[in-house]
Structure formats: structure tokens, C-alpha cells
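Some structures to go through are shown next.
Here come two complexes built around chain A, the first alongside chain B, the second alongside chain C.
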Partner chain A sequence: MKKLLSLLVAFLVIGGLTACSSGSGEKVAETIKIGVNLELTGDVSVYGIPERNAFEQATAEINAAGGIDGKLVELVIYDNAYDQAKAVQNTEKLIEDGVVAILGSATSGMTLAIAPLAKDNGLVVFTPSGTNSAVTMDGTNVNPWAFRACFIDPFQGQVLANFASGDLGAKNAVVMVNSGSEYSKELARIFTEQFTANGGKVVETASYADADTDYKASLTSIATKSFEVLFVADYAKNAGLIIGQARSTAGLETVNIIGPDGFEDPALNDLAGGAQNVSNVFFSTHFSTLSNDQQVADFVKSHAAFTLEKYGKAEVPSALTALAYDAAYMLFKAIDNADSTDPAAIRDALEALEAFDGVTGDISFDKFHNAVKPAFLIELNNGVPVNATIVNP
Partner chain B sequence: MKNVLNKRNLITLVIIGVLFFVVQLLIKERIITAYMRSNIYWIGIYIILGLSLNMIIGITGQLSLGHAGFMSIGAFAAAVVLKTNPTLTGLFIGIGIGVLISLAVSFVVAVPTLRLKGDYLAIATLGVAEIIRIVLNNLSVTGGASGISNIKMLMSWPLLYTFVILTIFLTHNFKNSAIGRACISIKEDEIAAEAMGINTTKYKVIAFMFGAALAAMAGSLFSTTYYIVKPDSFGVNTSINILILVVFGGMGSLSGTIIATFIIGLVNIVLQPYAEIRMILYALILIIVMIFRPQGLLGSQELSTKLLPNFKWKRKEKSS
Partner chain C sequence: MLEFLNQIINGLSLGSIYALVALGYTMVYGIIRLINFAHGEIYMFGAFAGMLAITVLRLPFFLALIFAMVVSALLGVVIERVAYKPLRKSTKTAALITAIGISFLLQNVTAMVMGNNTSAFPQVFDQKVYDLGGIRINSLQILIFGVTIVLMFLLQFIVLKTKLGRAMRAVAVDKDASVLMGVNVDNTITITFAIGSALAAAAGVLIGLYHIRVVFWMGTAPGLKAFVAAVFGGIGSIPGAMIGGFAIGLMEALVAGYGGTMWSPYRDAVVYLLLIIVLLVKPSGLLGKNVKEKV
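Entry: the complex of A and B
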């Protein structure tokens, strides 16, 4: 009897849920369905959730303005939990749901899992933030159906090297690289190439493991070298600790530390042992609310209002939010330009977009479908962003 | 010796054949959609993983928490071979290489740890899975932390079905062989088994290597189904997910593992649109089952064609 009861409870729960889902499925026929495949739960949900919020805001705005060519936009959102099996299954489901294009995923890994499938089914997959150079590629050719709204890591490495030798006037640099991270290794390699090409010299490259927390030994050895800029090619998890420990190492108290977009993390100051340690720190990123562009100011305001109303908490847009917001609008523009909801027409129109005026700058695609757009260089003073310099490609 | 082609085996063969052709027809007629098909692939791959872990945990009673590590060996072996040879032959070569590496690694782990009694294997396997993951993270041939992408998709229903039936056949025969019986006796009481003259270490090592080899095979199928492999897909969470299938279905019950995988696959499908509450409901269902069926769905019983005549006989008895 007990067994029956347990089964009954389980099935009632499931049954109740399916009932809800079939009820909400009936919509007016005249909508444009756009699929969203994001990491909403699991290890990297911090990337997926801001992007979903931005997609929903863009959709709400375009629908309030009358939709695209008179048709309302409807998002079909599925969570892939940072699991490639789920990402693939979601994509199959989205194709069955009749979506005209897919927005997502937030990470390169998940986008790589869905891009071949989207290609086989002739559907655009547009990632706001997948920076791995393989995302838009199919072997050595471009994957005609895969696009991204962000610049890729090699560009960041170049921008940082140019910033170090130009704005900071550095001749000698030290690079710290996480040997367990592709992101870190690629950035370090490109930075070294560009910095050397600019006439500078990388006097030392120090490697560490992803799980390291004590960098004192290598920082003390670095401090004996003569250099003007320290490049920490990593995410805040390690970079924060490195900044904090560098500031308490004799000789490194005020040295300029530069880093990639991985520095942009609310936890950076805490990891560095307090905001007072985070000065003379610069990083490159996709977006800054410091920009004096009117469009950015409007977006910051409207995003706060939208998230407050929809989720009960006003959010400040991050780089991911802004990239997703631009990706959604670029797709809307492409559908509008195509005057059609045919996936192939949308693809052609998206590829043809030139200098799209987004909140992260003017965006075009190069021949590998990477976004060509400016980078923002942010200066942190006492842990607070004080200055944003726009670096054009 | 009984004839191999007895009535029961014939019934089993007919069921296997009919199931294959029914599903094949449904796929051809597009009644089973691409989405359902990719869920069937998931279920099939996890049936293999569940059954292979059941050999270690359910049959021999040794707790292993590193199954995803052996899965990743197979996944990366197949991915590397498929990058240069994107054909079925390439896949089979990849499976072969993966199974061999997995056998070697599991042998190295098992021999020292399985000489001990108790749960030392759990910690050792946990460590080994981490070592495998970190090695893959830093190996350039496997693409480092970002793994290998654009793997040729070769998965199909006939391929999946062949491997699932092969696994069921192998694990079923293992369980009912002299080795399997020895393993079960180790699970029941290791000291008594030793007193009966069973070389416990030897049989524990055999069961562990057998499970690890099958896990590598499932990993190879995984990599040709989902286009990419990356080391962080094979963390301890994946190991726990496989463990759940075994515990949920009933330790030592092969059919229990299969049924459990089906149920969890279905729960995943039903809960797919509810990102936020999915994990809560999923956990809730597991808790409810564990409260009412702590031994798992089937305990250590099996659902097989053996039950058919018994079933009739029981009904008769009741009515009289």
C-alpha cells in the first residue's frame, strides 16, 4: 500500500506539472518564436540568469513597441544546467517547438554542443558571450549558422598589450598564467606576442595551478625583477587573491596590474582582502556603465526598472546582460530586415548587419562571425571603477 | 547441459527483436521525434553506466565514487580517434582504446585498495576520478580544459540498441556466472566468503575492472552523441548521478537499474520546462522513493521472463 502511495504522489506531482505546461501552450498563431538555451541552474547559472533577464527585457520592449513587422515575439526558454546532453536535448525540443532562431548559450562549451546541431537543422545559434574561438567554426571553415555578440580572447590579449605599452608606457611586463585554464593560457600567449611586437619585453612568465591559493613565493621572486606592469590572465577567483597578496609583497605595493574580463566580478575586492588593495588595477571588458553614452544610461535605468518589476530586485547590468541585450536586438533587427521568419533569410540578414548601434558599441561581424567592436578598459581605484577608456578594434 | 535455444531464451530473443523494430519503425514514421530520440540516447547511455556501476556496487558491494572518471577515459579516447577518423570504424577503435586504458587504470587503482576491507575504494576512486580529470585538463592532445568539440555525431538507434543489449547480456551473464556468485558472496559477508575459499581480492578486482571497462564504452557513446567532451563534464556530480540510478533501482538488480534510468529519463523530460524547481522536484521524488522503498525499486529482485509462468501460477492459487 505504501509503495502505491509513493508512486501516486510522484505521478500526481508530475501530472500536475504537465497539465500546467499544456495549458500555457495555446497562444495566438501570429507570434515569432525565438528559442533560448541557457545555463539557468548548475555551476555557471551566474552567467545564464543575467542573459535571460536581458532577453526578456528586450522582448518585452519590442512587443510594447508593436513587435517585429506587426508580429509579437515569444521566447521559448529552456535550461541546460551546463550539461551538454541537456543542451542538445533542449535544441531538439526548440526545433520541434518551431523557433526561428536560437539565442545562447552563455558559455562556449554549451554553444559548441548545440552549434553543429543548429547547423544540421538550418537554424541560427547566436551566443552573447561564448568567447572560445572554435564556437563559430566548423573545422577550419566558418559555421554559417553560428554567431557571437562578443569579441574573442585574442582581441582582448591584443587590446591589453596595446594598453600596457601605450597608455601605461610599459617596456617590461610580467605575465602570471593559470596552467589549468585554456582561457588564461591563450590570453597570456596573445598578450606576450603583441607586447613583444610593440617593442616591449616579457621578463617573466609565472605559472600556477587552478587550485592554488598562496602565491607569495612566486610574487616574491617576481618582485626582484624590474618591470612596469603585471598581467594576471585569469578570473577573479585566482586574480583577486593574487592582487591582494601582491599588495602586501615588498616592491609590488603599487605596481600596475592588468587583466582580462575575468576580473569583472563582485567578489574581486573581497578576494583581494579589501577594496583598499584594489588600486592601479585595469581590466578589459565588453561593457561599462561608466560610459557617457546616452544609450547606456538609458539601458541601465530601464534594466533596473524591468528587473525590479519582474523579479523584485533592481539589477545593475553586467557585461553579460549588455551583450545578451545587444544579441537579442541584433536578432530582432535581422528578422525585421529579412521581412521573413524563414531561418535562412534571418541568417543572411544577420550576417549582413553592419555597425549595429548597441549598448556595447557599434557591432559588425567579421568573416568568422566574431563581433568586431570596441573594448572597454576599466580602471579600478580602491575597488571602485573610476574610469572607462574605449579601445576601438 | 540445457539447450541454449530453450523456450525462455526464445521469448527473450523475440522481445528484444520486436522492441528494436517497433522503435525503429516509430522513428522512421517520425512518431518518435528528434527530441524524444535524443532522450532515448541519454537513457541508453545511462543504462550502460548504471549497469556497469551495479557490477561494482550492487553485485560486489564495493562503493565506487569515481565512475565518471572511467567514463571520461572512453569519451576522450573516442573523441580523439573520431577527430581523425570520423566513421563507425573510428568509433569502434576509440571504444577499444578507451576500454584498454580504462582496464589498465582500474587495475592500478584496484589492486592496492581492494586488498583492504571496507570503504577505502570510495575515497580512492574519488581521487582517481579527480586525477583523470586534471590530467585531461592539462593534456594538449585532449584539448585541455575546453576539451574537444565538433565530434562527428554517429549515434543512432541501432548502434545504441546493440550496445545496450550487449551490456545487458554481459552483465546478466556476469551476475549469473561463477565469478558473479563469488562477488555476491563477498557482498553478503566478506569474511564468510574468504572462509569458503574465495579469493576476495581477485574477484573484487575483476568486478571493478569489468565495471570500469563498460563505463569507458558508455563514455565513448556519450562523446559521439553530444558533439563535445570537456573534462568538467565528468566531475563527481556525474558519478553521483550514476550512483543514484543504481540505488534508486535497487542494488544488485539489473532490471531495477534499467527501470530506474527510464523513470529518471522521463522525469527529466517532464520537468524540462521548469528550470528553477526541477532540481527540487527531482530530489523530492528521490527522497519519497527512498522513504517508501529504501532497498530501491526492485530491491535485489529481477524482472525477467522467468516471472511469467510464476505469475500465472500465483493467480490460480489466489482464485482457488
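Entry: the complex of A and C
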């Protein structure tokens, strides 16, 4: 056993050394080094690769414009292969490389693994897309060094309430909540608070259990109420069934149904009994290229041009791409505002950023370093996204 | 009042499903005193068979329903011959544990073959809503109720009017005596399993259509509720299972519809609470005969 262990250690050391020597170690005086720790291979490389592309695009753009305070930005990119041990190893290497902050990772799991290390070494770790509420936390307090560019799940309740009372002009709403899901209960709670604050009234809150498949009784009871919008706070697994069964319940055939990003699932139409049942359905998400916002349109174009030139294939930006692009620019802005490359100064400047004008909307941080920003409300017509509206918190 | 009537319709649709499954429990129990806990899985198997018949074999709905019933009846027969028949002389506990084992086996094999995700059941009918002076009935609810009633009449006819039915009733009353009267007990038991399984499969196909989805664990909760329905009606009694099924369905719909945020999520708990009350107050169930077991 001991022999095996020492063999393993030797192996790891050798592996670490070779990886190190292949990383960019040379010192260039007038560059700002920013570390990137992403899932570039492995199961979730589909998350990591678009984020890397976005980081590289943002870096190329800022360098073309003369860099930050006259210094060029240099990315030091390591692949964590969706492996926590590797993510930690990468972070140690990035610290040795002398980076001023770390962008990544794409997933909550990897970010959670590296956040404590970044904190201990006084280095910002900025995830574009880790939505787990624990990512920016250190126990019950905020981790001062961890930030995210995306909103966390329950926050969508607020945006959805604004969308319901504003864009849909609803005065009365019914909320359906999965009593076995924290995601659902939090969303419902925040939606109800905000909708009431907007002057609306939640006329009924109907609960169901996670494993329920028959919602007819609840829906029949809901149909007797007078209301304009039905908020289904759940994932597609249950929401799809609810949409399908609502459409065959008298009185609910065409009522507006809204929901969180849990609706964004290829199975939604099938679960609802076919795409024809999925009209007048809206859900919130981080980003959509359907938006007619000029900044979004410009980003779609510039990203396609950048990826075509660099990788030979024009990519359409996903939510991850857009969030990563915003994260990179927020960090640049923080370094610029700090007038320093001292990690602590960068941290303070990042925390102080307010209403940063990004492609996913105006971004600020709340006291737990979660992004406070608009969401994109996607409208589904016959199961197909047809429209995206930007809704402010 | 109208909402109440609408909830009654919801309850009857769901109750039809429970009643069909409960019939299988009660018939098998009546004839060999075995609580066939794999019965919920036959219901699940039937739903998958119906789905595949529609999507892969491209059968029209009613042929797919019959196909699912036949295939599931065969599965029921195989299970009876392979798993239960060799244990007929063993203790009841051995047979009960085997039934639970079969239940897990069927679930896991289905998860392995069909995947453990939810699949969408193809929607073969355009759903229409009929408005009868405020009472609104969905075409699928009519279909479920109609198919259930037809199957129940068919079952009553078989049990009461045919030679096979007489044999089934005879074996249920006294197995040894019916052997002496020239009844082929083994075949009668097998046919009972086939009929019970076919009814469960029909319920599975109908629920697949109604809830738009099938998944490998879908038989567990309805199986248990149908068992409660069978006990409520008096296990061993065919009319009891029908009444029990409808009663459970109605109760669920009413709790979900009127329970408010407080009780609605616990509609299943209410059903199980009912089981406990029935067992305490009238252990033989609504229509059950209180037969003293000879020790």
C-alpha cells in the first residue's frame, strides 16, 4: 500500500512538472496575467470551451484597443477536465505563475473546489456560470474573493414577477409550487413577494408533491379563479406535464404560463403532449440571441467573426459564451478602475462595480457577490422560441 | 358546486385506473391468497408496451391497447409459472418476498432497456373538452372511463357466466375440492394471472395517454394505491375492488382540489391513512367476507 502510494505521488509530481513546463512560464514585463481554469475536456467541455472562446475574444479586443492602462492582457489557460483535483492543481499553478485573478470555472462543482484556495491566497475567482448558491459563500458569510457573473436560481422569481406585472399587465396570478423542491419553493416565495410589491395579488398558491403526475384536480380548482398569469415554479419534468394538462383543462386553454430556466429543456414539448400545447408560455434565462438589443446583435456578429478567424468555425454565442464575455470585461474594468494589478485592489474594484453595461444586461453584485442583472424572457409559440424580452430586476 | 362536479370527474378518471389495477390484486389474492406486489410493474410494463406499439409498430390506439394487454398477460403468465408456481407449497412469506423481488427485477430491467428517463407517450387523440352546462369533460377522461366500464362488464361476464369463471370461483372457495370436481387448478390460476395482468396493462396504457408520460418507476405508487383500493373494497371481492378504486381516485382528487397549500401535497398520505383506518375498523374491507383462517 505504501509503495503504491509513493508511486502515485511520484506519478503526480512528474505529471505536474511536465504540465508546468508546457504552460507559459516566460516573464513579459508589461503584461497583466489573468488565469483561466476551465473544463476544456471531459464530460462538460461543452460548457468550458465556449467560455474560453469568449475570454479569448474579450482579451483580443482589449489588447487591440491598447490593453488596460497601457499593459496588454495575457491569459494563462489550464484545463481542469471537470476533475476537482485537477482544478485545485491548476489553481496552485496559476498562483505560481503570478496571475492577478482567475476566471472560471464554468461549473459550480469546480468553482467550489477552487474558491477556498483562491481565498487563502488572496486571489479573485470569478465564475461566469456557477449557479449553486454556495459558490460565493464561505459558510454563512460571503467569500470575499468569489464572484459570479450570473444570477442565482431564486432571483428569477423577482424578474418573472416584474415581467408578469409589467409586460403581461397581470393583476392576479396563480402560483404552482413543488413542495418537495427548494428551487421551486424559493422561486415561488420571491415571485409572490415581488408581485405583491408591484401591486398585484397572488390569488392562489397550489402545492403538489415532486412525484405527482396528475395535476387535473389542482388545475380544475385553479380554473375557477379569476387571474391572468400562471407561474409554474419548476423544472420541465413537472412543468411540462402541468402545461399539457392545463391546456386540456377548460378555462386554462390559452392562459399565460410563465416559469424559470428549468423550462429550458428539449423534453418540455414532449412532456406537454406535443408542441401545439406549448404556446403563451414564457420562461426566464440568462441570455438569448433572439433579443433585438443592439449590443446583443453586435456581440453575435463579432463572436462569429472571432471564432471563424481563430478556430475556423463561426460559433453562435450561447448563454455561457455571453456570461463569460461579460465576466472577462468586468474583470478588465475592475483592473482599470483599481489602477493597479494588486489582487486585493482588483477585488475591491470588482466588488464596487455598479451597473456594468454587458451583453447580458446591466450587472451589479449583491452583498453575496451574486449578479443582480436583467433576465431574458423567452416566449414559446408552438414549442418554438419566437421572442426574447429583456426584463430588469 | 360545478367545481365539485368537475373534481368528481377528475376523481372518476383516476379512480378507473386504480380500479383496473386493484382488480388484478384482488383476483390473484382471491384465488391463491398471494398479494402480488409485482402487479404495479405489470401496469408499468403495459404502458411501455402500448407506447412501443404506437411508436414502433405504428398500431392505431385500440389495437395498441389490445396488443399491450396480450403481451402483459403473457408476461403475467410467465411470472406465475416461473416465480410463483414452484412456491405454491412454500410459506406465504416466501411467495410474498418473491413477488417483491419480481417487482424490482421488472423495474430494473425496464430502466436498463428503456433508460431511466421519462419518455413521452404519443398523443394519438386530439383532446376535446365537452361543456355540459358548466361540467367540463375532457375526451380522454371519457375514453378512460368508457374503456374501464367495458372491461369491467367483460370481467363480470367471464367470472359469472362462463365455465372458466365458475372454475375460478370454485378454486377461490376450495382448491382441493375443485380438483376433485375435475377443475384444472393450475390452468385456472394461470388464466387468472393473465386476466389480471391484461387489466393492469390497459390501465397503464390509459394513464400513459392521460399523463403523457411513461417511466420505469411509474407503477410503484399506483400499485400501492390500487392495493389500498383492493383492501378498502375487501380483498378477494371483485365489486369491492371496483368500488375501492373509484373511492381512492375520488378522495385523491378532492384532497388535491380542496386541500389547499396545507394538504394538497399530502394526498398520497391521506390515501394511506385510509388504509390504516380500514384495517382498524373493518379489517375485511367494505365488501369482504370475514373468513376465519383455519390454523
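Quick notes
The rule is short, and it goes like this: the second predicted complex is superposed on the first by the 236 of 393 C-alpha atoms of A that agree within 3 Å, B and C clash if a C-alpha of one lies under 4 Å from a C-alpha of the other, contacts with A are read in each partner's own complex, and residues count from 1 in each chain.
Operating definition for what follows: contacts are C-beta pairs under 8 Å (C-beta built on N, C-alpha and C of every residue); 3 or more make two chains touch, one makes a residue touch a chain.
In this text, all values refer to a predicted model and were calculated from it rather than measured experimentally.
In the superposition on chain A, contact is made by A:G139 with chain B only, not with chain C. When both complexes are overlaid on chain A, the residue A:K185 reaches chain B alone and has no touch with chain C.
Using the contact criterion defined above for the overlaid structures, shared-chain residue A:Q295 touches neither chain B nor chain C, since it reaches no partner.
When the two structures are aligned on the shared chain, A:Q84 is found in touch with chain B, with no touch to chain C. In the superposition on chain A, contact of A:T41 is made with chain B only, not with chain C. Residue contacts after overlaying the shared chain place A:N382 against neither chain B nor chain C. In the overlay built on the shared chain, the residue A:G109 is in contact with chain B alone; chain C does not reach it. Comparing which residues of chain A touch chain B with which touch chain C, the overlap comprises 179-180. Chain A meets chain B in the complex at residues 2-3, 5-6, 9-10, 13-14, 17-18, 21, 40-41, 43, 77-79, 81, 83-90, 92-93, 95-96, 108-109, 112-117, 132, 134, 137-139, 179-183, 185, 210. Put simply, chain A touches chain C in their complex at residues 177, 179-180, 205-209, 211-214, 216-218, 220-221, 224, 237, 240-241, 244-245, 247-251, 253, 267, 270-274.
In the complex of the two chains, the chain C residues touching chain A come out as 2-3, 6-7, 10-11, 13-14, 117-120, 123, 127, 129, 131, 136, 138, 140, 210-213, 218, 221, 252-254, 256-258, 261, 264-268.
Listing the residues of chain B that touch chain A in their complex gives 33-35, 37-39, 42, 134, 137-138, 143-147, 149-150, 153, 222, 225-228, 230, 232-233, 267-268, 270-276, 278-279, 281, 284-285, 288-289, 291-293.
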